[in-house]
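Each in structure tokens, the structures are laid out below.
Common to both upcoming complexes is subunit A, partnered first by subunit B, then by subunit C.
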Partner chain A sequence: MTWSRTPSRPDAGIKVTGAARYTEDIRHEDLLFAAAVRSPLAAARIIRVGVDAARAADGVHAVLTADDLPDRRWGTLIQDQPIPARDAVRFAGEPIALIAAETAAAARAAAARVELELEPTEPVVGIAAAFKDGAPEVIPGRPNVGPVARVRRGDVDAAFRDATHVVRTRIESGRVYQGYIEPRATLAEPEPDGGIIVTTTSEAPFVVRAGLAALLDLPMSKVVVKVPVLGGGFGGKLHLGLAPLAAVLCQATGRPVRIVATREEDMHACNPRQNSVVALESAVDADGTILARRSRVWLDSGAYAFDTPAIASLATLLATGPYRAPALDLQTWPVYRRTPARPVRHALRPARRWCTPTRRTSPTSPTRSASMPSRFAAATFARGRSRAIRRATQRCRHRGLRGRGHRPHRAMATGERGHVAETRVRDRLRLVDDDGNALGRDRRDERGRHGHALDRRD
Partner chain B sequence: MLSTGATEIGTGAIVTGVTSIAAKELGVPAEDIRLVSADTGDTPYDSGSKGSRSLYGPGNAVLQASREAAKLLREEAAEQLEASPDDIVLEDGSASVRGDPSGPSLPIAKVVQGALNRTGPIVGAGRFKAPAVTLEGSNLEGLFFASLNQATWGCHGVELELDEETGRIQVLRYVAAHDTGPVLNPTGARGQIEGGVVQGLGQALTEVMDVGADGVVRNANFVDYRLPTIVDAPRSIKTVMIESHPAATGPLGVKGVGEPPVILPPAAGGAAIRDLLGAQPMRLPLDAVNVSEFLDTLEAQAVVGHAR
Partner chain C sequence: MSSFVCNGVTRELAEGDCRLLIEVLREDFGLTGTKLGCGTGDCGACAVVLDGTAVNSCLVYASECAGREVQTVEHVASNGIGALVAEAFAAAGAVQCGICTPGFVVAATEFLADGHSDCTRAEVEVALSGNLCRCTGYLPIVDAVLDAASRVRDEVPS
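Coming up: the complex of A and B.
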């Protein structure tokens, strides 16, 4: 029995009973509550931020904008992100003003009294848009496409020239939110010696310490970062998060300050997995041996560099495997646009791996690709309703109802219609059936259009 | 006390994983170990809980530290039990002499007390850095780092159902096999794999941040951003852990299993769609919108092909 060697989770009891103390649960006598005024626009010049009314509001201790703070920036490899936006906003949800007040309600009320005068500029949305001639620079003076991370080996061109087959795959992946249950939160407390103690929802407290020390111009010995019980991270809490906001408010007021993101704030101003475009070409010989690979990957970095240059390195490194190829030319670029982006429980790998099985299974042999559509026509979509229902599904997206859009369609969930497919993805990327035989189109033909098709109505 | 800068993010890798490594090396029950972690004021440096490295990186450092402390315990116990340090066994909270089950044994606390009087406190320290990836004969440009942790290979299979009218996919059964190396905590590892599969299926099938033409996220809530629920989860997820290939550089041969199960579900799902339709959609997620657009594309191609 394997159960006997299973250690029990020492934190299970406090989590199940609700006794566990997360960042938000830490109480403090003099605690001030923070709120951030965030940009409703993805791209704008900041003309004026009117804070007088907010400063005069009841219970308000501090209202900070970029004008009240030195121009120090943060970021993993390139320090380009201001604490509140300075001169311009670069993504919707970027903080513009920070408030500390006696109660959370007072902070929110004061936030509503901050006047934002923003001049909209053209947002750069989508990886393709960042490439367009004349696309505005997301960060002035920096090209929207960052420096390449590249690995080259062998004579790639020759391998492609001599290959029996060339397999090309191009996939697009969307942005994915980490979906941790505990939204981000930070408590910053002043120390009598001028230092600061920061309790925060972090997966990497030493990264936060280094970043805060630089932002606050303090020696690292004066910055202590603690992580209490954490409600998940999935890569979304590897960075400074809300710590800079709480820290500058703490310094401005000399009081402990806590900031807690709402789910909506967290999702607007978070660090989702980069959406990406992954293009992969493999030169293979007659028996399927890979002779060479080329990859080109574009990662949506969001408005600031953050760690996307490092993720670009990772994407390139991962493309060197898992299969041996004598010749390689692998390139990845970070692309800047108007939304923040960072890693999720394995940065990029799902998109990269998604590419892999199609490599062997979608050969670009002209005879095969021509035969597929006619077979499709003969067998598929006899029901006229299908197209109409799918159109309705697609309209949901155009109305911005993506999430709710597919909920009412229950036909499949109840098993009334549809077919069952079985597929295994093997290390060596063969599709096989239950007996271990290779599943190619030919075999599928023998068994009809759906392979293991099984009518659920029976 | 076990002091590490690593952060417990909910996986159990720190509260049970590295703690059980220390417990095993020191021969004490895991519940006797006080864990202090993720505090830059009180614990040594750690680069963060990421890259499936919590059991692997901090685990290696904890193993080294525990072995150093265990060596001091054995030396002290050897003094008290009048035996060679090499013959001292640390087990079940006490020290005894190997091959002498009826012989004398000492509680670890007594060994520690003896050390305090004789040589000093029992302390061990460990550190670890993952080895760099070797890319011989390659020309590198613009790489910010070149080290990866021990890889955990995997193989996933999925059985799913496609509603051709709506483009919606329901996952029926799932099997996830991983080359985990020795498993410290089977329940924890299985939980990581099952959770990873469901999270990976969310990314494969429903999850996407919907950014409008104005650059504003349009589904910034858990109603419109569709995380998988129990209704979306497969009826069964079979997890297979291959323990026969220990990691060359992992502590006690273990490998990380935090991220590997999230990676394959989109690929497995896409391959299953390919098995059904003979062609693979190239845009994630495989939600009703993308799949129905893909079905339209195939249908249009079929019409053209038929006309020819």
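Coming up: the complex of A and C.
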């Protein structure tokens, strides 16, 4: 195609015509398709995984469980996550068995024939539950509350003693799904020298390369990572993602293997931004100037560490601004519980921004110092999702979305089974004072014409 | 054996093939410009034109297309109004990661081809409300469609 006008970016031309090749679009002779059998339970002991029927199914080349693989763990900072769950499952959606088959349909059919015998154990649900006395350890031998990241400066106690007012704020922020339109996918191809070529949806190919080399016990020179056109990431594709799953299946079969997450899998077992609890105290003088701040933040790390310890440090550092405060005592803890969680772009910035005064504090009503940011909208995940979906659905109906014959008959037939990739987070935020009284008003995000995501840079 | 016309080419469909249209387009015909975003009809990345109407191909069985005509982005964006839309998208900064772009181009083209070249901004927003974009914030996309609409008016005086 010839263009009479200049495209705004070099790859715009191939993207508008559908010629751009994303990971899922790459065709390969010999390709096997993968499926993962995922845990329906958040916490359970794995008694038995019956794979005989799946292995005997038509077109199946490999069925792998933890028993078929060496016990190596992956993770960005702390290597604690097995490839398929070993002995225990720690979040709903954790892979237990991996299948490679001639077609995607055969892989799915085989996955349905895997028998799971799971013994439910007590789940750790909610940040508060993770540090109750006697709460079961998510990973045996590791406390559910991780090491604190702390920043201190000045004489905080003196500032609070002398302050005219003290403003106390407690905020709970919900999970945020990054909402990239391209679900995660990985293609792994074997090399004759024992190496592996991995084509994957990643924002950090060198992280994938180093991580896979360690996980597969290969020298880095034998791991090649390619990232073709990427359909959005927003921090959700910073980790190995599905690469370990595809890589072990590729090694087991000696064939190229591709795994593509469904949207449902992606939302269940990927990496939403951590939900958090923020407890903030600000000492202010009579004219509202901030004298000192104390903060305690608990970040939901999910079942595995990933980079939450680093995010905890970052969140603490970000809390030092943007307003000057002569004295600070800021602490953040990662908390482990039975869910997946990892960072999204702008680590914890929204939760921090909710703690930032955007109006001058009035000496007579100091509790009005916190307000919601106008610039934030995103997807929801897990807790509260059904309500968000319902509201978004109502909003869509109200706006007559798909009013021109687009509305799918299958969705109608199966009820509202779709996920809302993007909706406002305002439904799920509470801003309360110490007595539990609502503070301020959640400010509506005015920029979302459709109620969709608003971040303008990818 | 049934058949349908896809991008001007007659394609045979095996008896009892119970796959979705998007699977047949991508797997059998290699038309990977049609993207699978959600599989539940929410994101619109898989939009194709079926007998002159934009539909989500993740929600249409291939067998439903027997005797009908399907156009995917590969065809739409290279011909007539679709080419104007595609060019406007590329020029207006309406393309970032690009995974949603084929769906938008198809939906916008079908909208303009339906006689809406004198559309308002609000009408464009409603017409594209079945498509999700995570990168652009939608404004450049609507700008691009309005731009394409003005070109359609210039080229085809009513």
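We adopt the following convention: the second predicted complex is superposed on the first by the 350 of 458 C-alpha atoms of A that agree within 3 Å, B and C clash if a C-alpha of one lies under 4 Å from a C-alpha of the other, contacts with A are read in each partner's own complex, and residues count from 1 in each chain.
Here is the rule we use: a residue touches a chain if its C-beta (ideal position, glycine included) is under 8 Å from a C-beta of that chain, and two chains touch if they have at least 3 such contacts.
Predicted, not measured: the structure shown is a model, and the values here were computed from it.
Peer 1: So in the superposed three-chain picture, is A:R153 touching just subunit B, just subunit C, both, or none of them (first/second/both/neither)?
Peer 2: A:R153: touches subunit B, not subunit C.
Peer 1: Regarding the shared-chain residue A:P309, is it in contact with subunit B (first), subunit C (second), both, or neither?
Peer 2: It touches subunit B, and subunit C stays clear.
Peer 1: A:T169 in the overlay: touching subunit B, subunit C, both, or neither? Say first, second, both or neither.
Peer 2: After superposition on chain A, A:T169 lies in contact with subunit B alone.
Peer 1: Thinking of the overlay built on chain A, is A:F131 touched by subunit B (first), by subunit C (second), by both, or by neither?
Peer 2: neither
Peer 1: Which chain, subunit B or subunit C, is in touch with more residues of subunit A?
Peer 2: After superposing on chain A, more of subunit A is contacted by B.
Peer 1: Under the stated touch criterion, which partner chain does A:P123 make contact with: subunit B (first), subunit C (second), both, or neither?
Peer 2: first
Peer 1: In the superposed arrangement, which partner chain does A:G179 touch: subunit B (first), subunit C (second), both, or neither?
Peer 2: A:G179: touches subunit B and subunit C.
Peer 1: In the superposed arrangement, which partner chain does A:Y323 touch: subunit B (first), subunit C (second), both, or neither?
Peer 2: In the superposed model, A:Y323 contacts neither subunit B nor subunit C.
Peer 1: For subunit A, which residues belong to both interfaces, subunit B and subunit C?
Peer 2: Of subunit A, residues 3, 5-9, 11, 179, 229-232, 234, 263-264, 396, 400-406, 409, 411, 417-422, 449-450, 452-453, 456 contact subunit B in one complex and subunit C in the other.
Peer 1: Name, in rising order, each residue of subunit C that touches subunit A in their complex.
Peer 2: 26, 30-45, 47, 53-56, 58-59, 72-74, 77-78, 83, 86-87, 89-102, 105, 107, 111, 125-127, 129-130, 132-138
Peer 1: For the complex, give me every residue of subunit A touching subunit C.
Peer 2: So the residues of subunit A touching subunit C come out as 1, 3-9, 11-13, 15-22, 24-25, 27, 179-183, 229-232, 234, 262-264, 396, 399-411, 417-422, 447, 449-450, 452-458.
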